[in-house]
Amino acid sequence: MTRRALSLLLLVAAAACRGGGGGASSEGLTVALMPKNKGNPYFVSCRQGAEEAARELGVKLIWDGPTETDAAKQNEVVEAWITRGVNVIAVSVENREGLSTVLRKARGRGIKVLTFDADALPDARDFFVNQATPRGIAETLLEHTSRILGGKGEFAIVTASLTAANQNEWIKEIRELLASKYTGLKLVDIRPSDDDRKRAFDETQSLLKAYPNVKLVMAIASPAVPGAAEAVKQSGRNDVKVTGLGLPNDAKPYLKDGVLDSVVLWNTQDLGYLTLYAANALARGTLKSGATSFEAGRLKSLRVEGDNILLGTPFTFTKDNVDRFDF
Amino acid sequence: MTDAAISRSTRALLLLLAVELVVFGLFGRNFLTLGNAFEVVRASVELGLLALALTAVIATGGIDLSVGSLVGLCAVVFGWLAREAGLAVPIAAALAVLAGTLGGLLNGWLVTSLRVPPLIVTLGSYSLYRGLAEAATGGVANYTGFPDGFLSLGQGTLWGGIPTQLPLLLLAFLFFWALVHRSVIGRGLQAIGYAPEAARHAGVPVGARLRLVYVLSGSVAGVASLVYVARLGQAKADAGTGFELMAITAVVLGGTSIFGGHASVPGTLVGLFVLALLQNGLRLADQPAELAGVLTGMLLLLALVLSRERKPS
Amino acid sequence: MISPRVPSPHGRSRELSLLAALAAILLVLGWKAPRFFAAANLADLATSVAPALVAAMGMTLVILARQIDISIGSQFAVCGVVLGLVAKLGLPVPLAAGSAILAGASLGAINGALVAGFGLPSIVVTLATMVAWREGLRWATEGTWVRGLPESFQWLGLGQKGGRLLIVATAAAVFALVAWGLVSLRAGRSVYATGSDAEAARLVGLRPRRVVFGVFVAMGALTGLAAVLTTLQFIDVQANAGVGLELRVIAAVVVGGVAISGGRGTSTGVLLGVLFLAVLGPALVFLGGKAHWDRALQGAIILLAVASEAARRRGAAHD
């Protein structure tokens, strides 16, 4: 009985083999968008912008990726998309070297490749949708830190995980700037939050007690901002402020309270929106190398420098402007 | 579980594999292509190596939760030796496998000489090995720029598009199949899992056998780390995160009893591909990754319920 | 019938060594970083430890019964989201807390039914449920936190001081209840009996399958409570909390002397284990330790704890 069922199924499978092939849908474009981590609120808001653009353009959007930051998984997902056949792959790269190999393969198969938020190697993609350079982010964060501390003082960083590539790049830039430009500031310690709000909360509590001279906590991961801010608030230490990188909706209550001084980011929804528009234009051939500007729907015209499509400069959310945003 | 029960469960698994081929063949774009098959194999080799070694460990009634962390440790050992210390790649690779062997040795020693339950030992070494990898690199270091020859181990193809690492998996499969199913050692392993004291009285050198399986598990983790680094082109402390749970899932799905005593190395390989095809097929069918996770959990439960044994307790 | 003595055949050796280790850390802190003992820091620690202790008591029951539950991290995440969603519906927060605990108990019941009802191995069952529930939750929430909760959510509306007191008091009450129950209630002693020898327990009239089912339900409910005690410290609910919780809790219970083979262990040991591991993290920050050494140290400590105990037992057996 089992043997017969098996052979029957294999026959059907063989039949399906001939039928299931083919490239991307011929009715419209298919854009595959991959974040570093599907669960991270930062990328969740990128997705919202991307879906808005996909609706406007009539493009099919596939949104998938690792559910936890996982370099190896990204490779597998891109391989699957190459097999499935899509028009454009747009990815926020966790693993620069490793993913670049697969992205080159995709390009070799005629798939257009974009990176957003975090870049691959330049020859592995057509364009990079860049929201801010690591140096730019580090500069902005230290500007705020310096302003809050009056140019001189101790601060600590609460980061994502110890191995997080983006954060490590920012920290590297921060260290360089501390040595060259912001010599009055001292970075006392770096603690990981592993993208967990409670962990950021606990680590900040320890930092405040262990280093009483720390007057600023810089939280550079989106779940870490509310965690660190809540810890400072509960400690009752009015002399300590928080700044960092995070989403305005998470930051809003703490900005209003005053414990969070400022939060740096860019419009993540716009980032997703722009990426989709760029993907669409790339696939249709309206965006080519050598372009110096690019029109993206409601974002109007954006600057293109070389192979970087620039969203803009980092934006600082404060208690005065945060109400204008909802993401 | 008797041998009849195992072949029953392996048959059920093969049926499941066939169902997957049909369903995803219909709903997944380009699922049933040779290129896709090769890519699925390529991505599964590291897990496959770990799962094969784990089968021997679980056959003895033990477990090894530290294999994923050991992959991470061996990866950074290799990366540092090859890129910072300037050693030749083959030497760095050998030393990385040695590091894995030492890790397995520590596990084995704690289990046999100190009689600490394997679950606890490998829970501790799960943290320790990953922790050593993080401490050595500060979490930050990411070794890249390996020579093309090495990278082809993970990214290259042999004639016809066969992934370079496939022969390695086949070799490991043959080795562990022979070890567990065709050798005196293998019979001893399953005897230990089934009734350790009886095995001891029957003359099985229990301590030596246990140490062997844990050492093998560690060495294989070292080899797997090399394939991983070659495939991704980078060596970082987070290599292999989560591999241990997937490997255990493959082993149990394949019909090996978690209590030990009866093992199936072929079952492990089939179980591995059932899981790999599930993930791959769902992706090609535009389904979200979370669905693969939910289905994997349910599949595991189903496999357990269908093949449950009345364990004499 | 069943001796009321707490089964710990090697006397109090584990508790004593833990107490010694804890004292050692505190001494080092007292010498190098006396700031650790500031009242504010101790209050922070107590509040932080409370949910972990609650979860650890549940895990103690499970491991004493010779089972294991590696799905509690996922249960924690689900219960937190249930708490938030029910509170958002406008229902009073205590009711929301109750539903979160109920949700935990239900998830525990699923584990229990599979293990006790079908006789499946708990490690694999809870591996399967761990994956299924976490991915299922991710799918359902799509990563979105539960926001816009009423004012009365944080601290149950009692304010920081009152809220913290409530959290610590609840944990203390749970600890006392479980500790007392394990020794004095027939149900408690049957957990020990089932863990030592389920067949013998059955022969003397206990119902091992019911005991096993019960401990999983209790684990689930206590995980739900731990989620409530944690989440009420904040103003919103993270979509994906509790990652790695099972490992931390199991480590604390095992370091606390509960044998993984079932039937042996004391509540005092678990309390000390929880305290020891809870103090270790912040202590390292105070002593200026760098974060990338944390995991290695924790792993080394777990191994040292179990190895030294095993070595001592071996030495005693040889005498």
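We call the chains A, B and C, going by the order they appear; numbering starts again at 1 in every chain.
The definition used in the following text is that contacts are C-beta pairs under 8 Å (C-beta built on N, C-alpha and C of every residue); 3 or more make two chains touch, one makes a residue touch a chain.
Just so it is clear, the structure is predicted and the values come from calculations on it, not from any experiment.
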Report which of A-C and B-C is connected by more C-beta pairs in contact. B-C
Chain of greatest Cα-centre distance to subunit C: A
For subunit A versus subunit B, what separation do you get between their C-alpha means, in angstrom? 32
Averaging C-alpha coordinates per chain, one finds the centres of subunit A and subunit C separated by a number of Å equal to 34
Geometric centre distance via CA averages, subunit C-subunit B, whole Å: 30
Where in subunit A do residues touch two or more of the other chains? 38, 67-68, 162, 192
Touching two or more other chains, which residues of subunit C qualify? 135, 138, 290-292
Where subunit B touches two or more other chains at once, by residue number: 134, 138-139, 288-290, 293
Note which residues of subunit C are touching subunit A in the complex, please. 33, 35-36, 38, 40-41, 44, 48, 135, 138, 142-145, 147, 160, 230, 233-236, 238-241, 243-244, 281-282, 285-286, 288, 290-292
Subunit B contacts subunit A in the complex at 11, 14-15, 18-19, 21-22, 25-33, 35-36, 39, 43, 134, 138-140, 142, 144-145, 151, 155, 228, 231-234, 236-239, 241-242, 279-280, 283-284, 286, 288-290, 293
Which of the residues in subunit B end up touching subunit C in this complex? 63, 110, 114-117, 119-121, 123-132, 134-135, 137-139, 245, 248-249, 252, 258-259, 288-294, 296-298, 300-301, 304-305, 308, 310-311, 313
Give every residue of subunit A touching subunit B within the complex, in rising order. 2, 5-6, 9-10, 12-13, 16-17, 19-22, 38, 62-68, 70-73, 75-77, 79-81, 83-85, 95-98, 100-101, 161-163, 165, 168, 192
Residues of subunit A defined as touching subunit C within the complex: 38-41, 43-44, 67-68, 162, 189-192, 194, 196-198, 201-203, 205-207, 209-210, 212, 223, 226, 230, 234-235, 249-250, 253
